[in-house]
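Shown next, in structure tokens, is the structure this report addresses.
As written, the chain order gives the labels A, B, C, D and E, with residue 1 at the start of each chain.
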Amino acid sequence: MVDFIEPALFAILTIAIVAAGAGVVLANRITTSALLMAFTFLNIAGMFVLLGAETIAMFQVLIYVGAITVLILYGVMFTPQSPRAYGLFFQTQKYWAALFVVPIAIFVALVAFSFRDSATLGAKGGDLLPLATSVFRDFAFPFEVASVLLLAAMVGAIVLVKRDED
Amino acid sequence: MTAFLDTLIPVLPEVLVTITACVVLVADGLLPRGQSRGVLPAMTVVGLALAFLGGPLAPPSGQYFGGFVQIDTFTTFFRAVFIVLAVFATLVAPSYLDRRGIPPGEYYATICFSTVGAMTIALSTDLITLFVGLELMTIPIYVLAGMQRRDRFANEAALKYFLLGAFSSALLVYGFAWLYGVTGSTRYIDVATELQRIGLANGPTIVALALVTVGLGFKAAVVPFHQWTPDAYDGAPTPATAFMSVGPKAAAFAAILRVLVSGLAPLQVDWSTVFAVLAAVTMTGGNIVALAQTNTKRMLAYSSIAHTGYILAAVAASAAGPSATAAVLFYVFAYGVMNLGAFACLLYFDIEGSRGATLEELNGFARRQPLGAFAFAIFLFSLTGIPPTVGFVAKFLVIQPVLDAGYAWLAVFIALNAVLAAFYYLRVVVHMYMYDPDTGAPIVASTRLLSTALGLSALATIVLGVLPNSLYAWALQAANPLLR
Amino acid sequence: MAVPLGAFIAVSAVLFFIGTAGVLVRRNAVVILMSVELMLNATNLALVAFSRRYSSIDERGSVFVVFVFVVAAAEVAVGLAIVLSAYRNRPTVDVDEIRQLKG
Amino acid sequence: MIQNVWLIPAFPLAAFLIDGLFGRRWLHRWTGIIASSAVGLSAIVAIGVFLEVLGGQTRTTVNLYEWIGVGDFHSRVAALVDPLSSVMLLVVTVVSFLIFVYSNGYMEHDHGFHRFFTWLSLFVFAMLILVMADNYLLMFVGWEGVGLCSYLLIGFWFERPEPYVAAKKAFVMNRIGDWGYTIGMITTFLVFGSMQFTDVFEHVGIATQANLTLICVAFFFGATGKSAQLPLYSWLPDAMEGPTPVSALIHAATMVTAGVYLVARSMPLFAAAGPSLAVVGVVGAITAIFAATIALVQFDIKRVMAYSTVSQLGYMFLALGVGAPVAAIFHLATHAFFKALLFLGSGSVIHGLGGEQDMRKMGGLRRKLPVTYWTMLLAGGALAALPPLAGFWSKDEIVAAAFLGGYPVLWAVGILTAVLTAFYVTRAMWLTFHGEPRDHHLYDHAHESPAVMTLPLAALAVGTVVLGVAIGFPPETGFIHRFLGPVAQVEGIAEHAPEAATILVLAAISVAAGVLGILVGLSMYVRHRPDPAAVSRAAGPLYRVLVNKYFIDELYDRRIVEAFRAAFGAMWAFDVHVIDGLANRLGWLAATGGSSLRRAQTGIVGNYALTIVAGLLVILVVYGGYASGLFTR
Amino acid sequence: MTIDHILTLLLAVPAIGLLPLYVFRNDPRSVKQVAVVTTLFELLLSLVMLAQFHVGDAGFQLIEQADWLPSLGIRYLVGVDGISVLLVPMTTLLTFISVLYSSGGAIKDRIASFMAAFLILEIGMVGVFVSLDLFLFYVMFELMLVPMYLIIGIWGGPRRIYSTLKFVIFTLAGSLLMLVAIVAVWLASGDEGARTLSLPELLASRGRFSADFQFWVFLAFGLAFAIKLPMVPFHTWLPDAHVEAPTAGSIILAGVLLKAGGYGFLRFALPLFPVGTQLWLPVIIVLSVVAILYGAAVSTVQKDLKKLVAYSSVAHMGFVTLGIFVLNAQGGVGAVLQMLNHGFVTGALFLFVGIQYERTHRRLIADLGGLANRWPLYTTFFGIFVLASLGLPGLNGFVGEFLVLLGTFKFSGVPLGGLFWGPVAALGVILAAVYLLWMFQRVMYGPVREAYRALPDLSPIEVVCAVPLVVLTVLLGVFPQQAIAIIEPSLQQVLRLATDPGFQVAIK
């Protein structure tokens, strides 16, 4: 019985992720896309939980579903577009794109199944502490670099959007 | 506190560059508009110079930060390359920024941030650091490209560069994820050990290798992942173009060397042929399209793609041992000096509303600005690969491992491509020296700082061409750590 | 009956290439940005899943995810800034219309 | 004296340098005197040398220095003084001296006076080198040198087109011959390991028949160029565009005989190479009669002489061909005198008429130019081979040699040619000096030349008369045979010892032929005084063929030259359009490739991303192929 | 007088001259003086060098060396032997004459740059002839390229840009392939750490070059040299370059630059790759003979004076390759002499065409005529060079051509044999007379044209330029043995290396 829940959850999440992801790409309203994106993120957080990575799932909710989605919604609001036909949302090369992407996707997805280990084996719960230890002690250097990255991004974002003084 | 500082000693140059960026930002905020003009670049250069000098203070080689920082000759070499390029990009910029209303503090700071990112790549020991460093190097460049906010070309350049850059980053990091999945580690050494065991012949490794190839190829502007290059270079403000044509490229090759040559070394037989073909396609593609350009800036952009091809040839030849890596390093350095110089020469032709310079605008340049034209000519000859310039030595050094690795056809390709390239490089010289100036020729915008910078790099181009030994010896030394 | 690791990876692959398709087919720069975010999320899924393979979640895989978060945030911030600054000069985010640089 | 033989060319060389360097600015009229006295000094030395050779010094080599020596090839600048060369030295210097003196008068009013003597001196120098050389290579220096001077002097009056066109024609035709000479010379070296006459002739035996034939035919081809034989004769008549002393010196007395000298010099080779001598004889004979027929109908007095020279040179080759080199050289010497005299005489006439050369405008001039007339009459007689003039002895010697050598056909040709010769001489003399003046204006202004010109005429006339003595009787034991005998004493040539009666009969036939020719001529011109037009009508197509010189010039100058020019033009077109076109096409291809690839750069982000994905697909396929063994690396 | 380090000094003097040139760049008079004095000094120095040369030794002399790229075994290694020792003074003389002539008023615009280009060019040219390290040689080989590119492109005629680009592209195409070959030679020269590019060491280790390797490497070297020479069918850059180049540029181009090709064959290609030589020899010999005839044939139909002389160069350089590849002493010495002679004579021809052009501003033969009348001095000089060019015995042109022909007749290693190719090549000599005399008569002879009546004869400077060339033309024609004595030992040495029986076996 317990064995059955995991696959079921996985199936539900999978369907949600794929459907919502496809929706992001196909939706004709941008706000719809954004919301579907947030929904995808949420489902991925679920996947994380399923994989036993609750901390990551929490971050996922915070950063993606929270911050990034909001940022993007702001972006959408600041760049209003006049309504246009649905077809014009897509580029002319869509068939070409399908031609190239689909085989790659199928190939990669098939290859993915060569990993046969059980995904939930040996799952540890409550992994915030070890993760924090890793990030702040073992990965101190990349973390510092990442902080510089955020600083640089901040400066960049400001310089690009601030109004001219004169 | 001292202990904390002690831990920073190995990465002192990176820290200093970061501090420089912050200081410049603060100073920009504090100083009144008029004063900051001369002070900011001076501060930047001083900071970078300190970082340059700070390098030797660091303990010579070893791993720090729990094995996340690798200080060796390779690192030192690239640190020097990046700092030199940043200094140069700083020196040529001031008057242009002034004319175009680009905020100087942010410009210099962004250059510094990007430099830190590039330096991080050079000292990384695992894919995570590499990825973060790569992003730290690239994201400021997106900003740099779009910093001239009022300019539609700059907007477009930034947008395209950003979208494609983010896209390719995603490809790259997905490749890293698969690599991790295959090997269970992100450290180059462990990755290599594991790959040694399993080889290429399984699906996940293929996927990982392909994605990594594409991702890194994009950063280095390898055909067919190159198409962002001309548009981004073309639209970006010229000093930024000068920097982004060399800094990120050098960093990309640092990354390629770190990831492919050391991390993926076990698969070398597999990727090297692919890279050889990519190199041939890249140099030919870049050169042929450059041939059809009439805008010098765009032409130089395509030419930079071609040069990627030459460097990539040496990467593909890494079976030849340290000489291949040394050739990459030497070429990267040489390319940095001469290409930055060439783009910076375009600053002379800068007038409102024009991007770069059409060939016609260059007419008679030699009469109006003899030394500037002379410097430009030297860069162009060097890019062509005519002795006694550093570009020639670089080509010579590249051909050598390529032949050694058995890619004779690729060596012939390099030679023929150089001929092709000569045509469009020399056409620029033709316009500068052999046509008389048109009467509506743009105003020459020369400043002492720009001229000094150009003079120095022109001198370096020649001196390193005549006496390349110390640089090559250094490059050889720097190549050693990769090959254990 | 445990879900095999491959299934998670496969989901991540499908999502990744949905994102890829989004980049390829959409004209709106913001949607393209969203598609890139989908790709990054797919990466995260793969990373976490892979980290299971090595019987631990505190090591590299998860940490990598954290850094991808950071990068994604930075990218979105800068990206939106770029889109906005372009939009100010010319009110469009249609990448097919932003093509003055070519050839 | 022989050791100082180098003085002979040294004098003209010095004159050349002095005149050439200082003539234009400072020396002016002195150039003539300097040059003449230099050649005079040479003549004196030459006489000394000749006497010494006569005294028994039959073969001396005087070495100056090594000219070119590489590996096993060595050639030196050295003189070979033997009877043959000493005779030639003598003839060349003496005749030259006389012509130099004459030229002082003839060229007096020409503004290129100094230039004339400069080049003339150079010519003599080159001719002397040719004659004295002890090896084929040095001889070639003189050989080409005289060709050059001939070029310069034919084109002396370069402001008019005809002279320089003729000059170039002469040089180029000589060059064509020189091609043969070069082949002969180098092959000689390959076969014998040396180019020195003495080395080569001593080892004739080591050469195969084929080699020898190749060498001889090649040399003879060279000789036909220089000595105006078929097929390379046609430059000589055109060369008459040069000043008349030049025609006399170069195109009658000296340079054109170089070919004869070459073959005579190489007699040991020719004699050993069976068929080649026959070639020489036949070509000589054909040229002799061929040129004589053309001479029949020429109106330009110098052209008559020119064709006559070609014809007489043919005689000399005929002599060589039938194995009578002595006769050839003897004829060469006598011809040098009488033909020079004829030319100088013509020059005197032309000078007297203010430049007119057309015999149709002359007539009756014997009263106005008596010295010229009488001297030319003697020379004409010699040309017509009337005894006891020198020409008779030498020509008779040749035709007799042909008969005795067993070549009756060649003999018959020789006799027939003699008839024709006598006819055209008579015709020319008559048209010029006899009858009524046909152009009274010219006639009235005609005047005898000054002494500086007539004295050389007289001197030459003396030679023309007395040189025949050298033959002695019977010829085989005469002076010339004794002296030049060694030249002929080579394997393969039998000395004939015919009976005196035979000789006398042959001589009689010769004389008869000459007389017949004169009589026919006189009968045609004295009695009928035919109108040229009428003659042409009467003679019909044959006459047209002759007047047009068998259309050979037509063939050479138009057809062949045009064909070559067209071919070369086509080659140039090939160069421009195909070779260069290919290079340009490559460039065009690259540029076009660039422009079309440029179009792939659409400016649309999506397209770029698509390219990236396409690249990813390809790379996946390649790696997959590697992994599955589908592709090999 | 013995001067140490004279070869380095020869390379340094023009470079030193650049400095005052830069200082006085705005004063044309001083610029001219500096350039003339520098090149004159260089000329004298090269004569001293010639005097220091020990005639009769086959090996390299006056050697100097220093480390350059020690990690690659690349050295600065210079020296001369009999083959190169004469080419150096030829170079310095022609440079001096070019500079002197140009300072006489032929160049008015940007004179300082012009002179600087010449000085740099001189370094490259001298360097090519004294380099004994392939890397150094290549650097010098290319160093000649850039100044000439500028000289043609800036101071040239109306189509200068097409021509100069063509010149550069052609030359680069060959030389870059040679660069690949040089690297290949380096790799093959020894095991890692013991590799070298210096000629003496390469000669010692050439046994390592397999037949297959030699085939390809010789092809690459050959292509570079063939383009430089130029050999048919790689010659089409030459007429264009010559037509557009300023006079001094043409002199140097024809006089010196082309020689780098022939010299390269002798110095590097033959001794290093005996098997490659054997394999390619028939092709080169046939192409040489074709060049002789084809160049001459095309010359005859040229309308432009400079083009005519340019095509004649193609024919004359055909003799050079022919002489080199018949692999015997006569041919080889003839080829070297032909290089020298062609340098002096064709250089002089271009000088005179230039002098004429400067006065009449016409280069089409049809537009000229009657100049002999007005210009006796000019006519005399020009005539002498024309005659030397058509190979008149007694002048220098003959000696080289004759020796080459002799060598060709002797050579039997080609299909049909030397007795076929020799006479065929000799036909070119006839054609030379045709086109040169025809040109001479059309330009110099005939009635003088009204427009040219007032034009002056040679100026003193021009006479000074011409006299040394005339003297050499005559001296080398009358007393060539002195030169031969210098050349022959070294040439025999090269031939010994090229025909080493140890390498013949490699060919089947």
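Throughout what follows, a residue touches a chain if its C-beta (ideal position, glycine included) is under 8 Å from a C-beta of that chain, and two chains touch if they have at least 3 such contacts.
Just so we're clear, the structure is a prediction, and the values are computed from it rather than from any experiment.
Taking chain A out of the picture, touching still joins the other chains into one piece.
The chains in contact with chain A as well as with chain D are B, C.
Chain centre most remote from that of chain D: A (centre = mean of CA atoms). Seen from the C-alpha centroid of chain E, the farthest chain centroid is that of A. Closest to the protein's overall CA centre, chain by chain, comes E. More C-beta pairs touch across the A-C interface than across any other pair of chains. Look at where the CA atoms of chain B average out and do the same for chain C: the two points lie 26 Å apart. Note: centroid distance chain A to chain E, computed from Cα atoms, is 70 Å. Centre-to-centre spacing of chain A and chain C amounts to 6 Å, using the average Cα coordinate of each chain.
Our note on geometry: chain C versus chain E, Cα centroid distance of 64 Å, whole angstroms.
Of all residues in chain D, those touching 2 or more other chains are 587, 598, 601, 603-607, 609-610, 613-614, 616, 620, 624, listed in ascending order.
Residue positions of chain E with contacts to 2 or more other chains are 169. Shown for chain A are the residues in touch with two or more other chains, namely 91, 93, 97, 100-101, 104, 107-108, 110, 112, 114-115, 138-139, 142, 146, 149, 152-153, 156-158, 160.
All chain pairs that touch, listed by label, are A-B, A-C, A-D, B-C, B-D, B-E, C-D, D-E.
For chain B in complex with chain E, the residues that touch the partner chain are 381, 384-388, 392, 395-396, 399-400, 403-404, 408, 411-412, 414-416, 418-419, 422-423, 426-427, 429-430, 433-434, 467-469, 472-473, 476.
Within the complex formed with chain D, the residues of chain A that make contact are 91, 93, 96-97, 100-101, 103-104, 107. Across the interface of their complex, chain A is touched by residues 11, 18, 21-22, 25, 64-66, 68-69, 101, 103, 106, 109-110, 113-114, 116-117, 120, 128-129, 132-133, 135-136, 139-140, 142-143, 146-147, 149, 158, 181, 202-204, 206-207 of chain B. Contacts from chain C toward chain B in the complex involve residues 9, 16, 19-20, 23, 29, 32-33, 36, 39-40, 42-43, 46-47, 49-51, 53-54, 60-61, 63-64, 67-68, 70-71, 74-75, 78-79, 81-83, 85-86, 88-90, 95, 98-103.
Contact residues of chain D toward chain E in the complex are 20, 24, 65-73, 137, 140-141, 143-145, 148, 151, 155, 158-161, 164-165, 167-168, 171-172, 175-176, 178-179, 182-183, 186-187, 189-190, 564-565, 567-569, 571-572, 575, 579-580, 583, 587.
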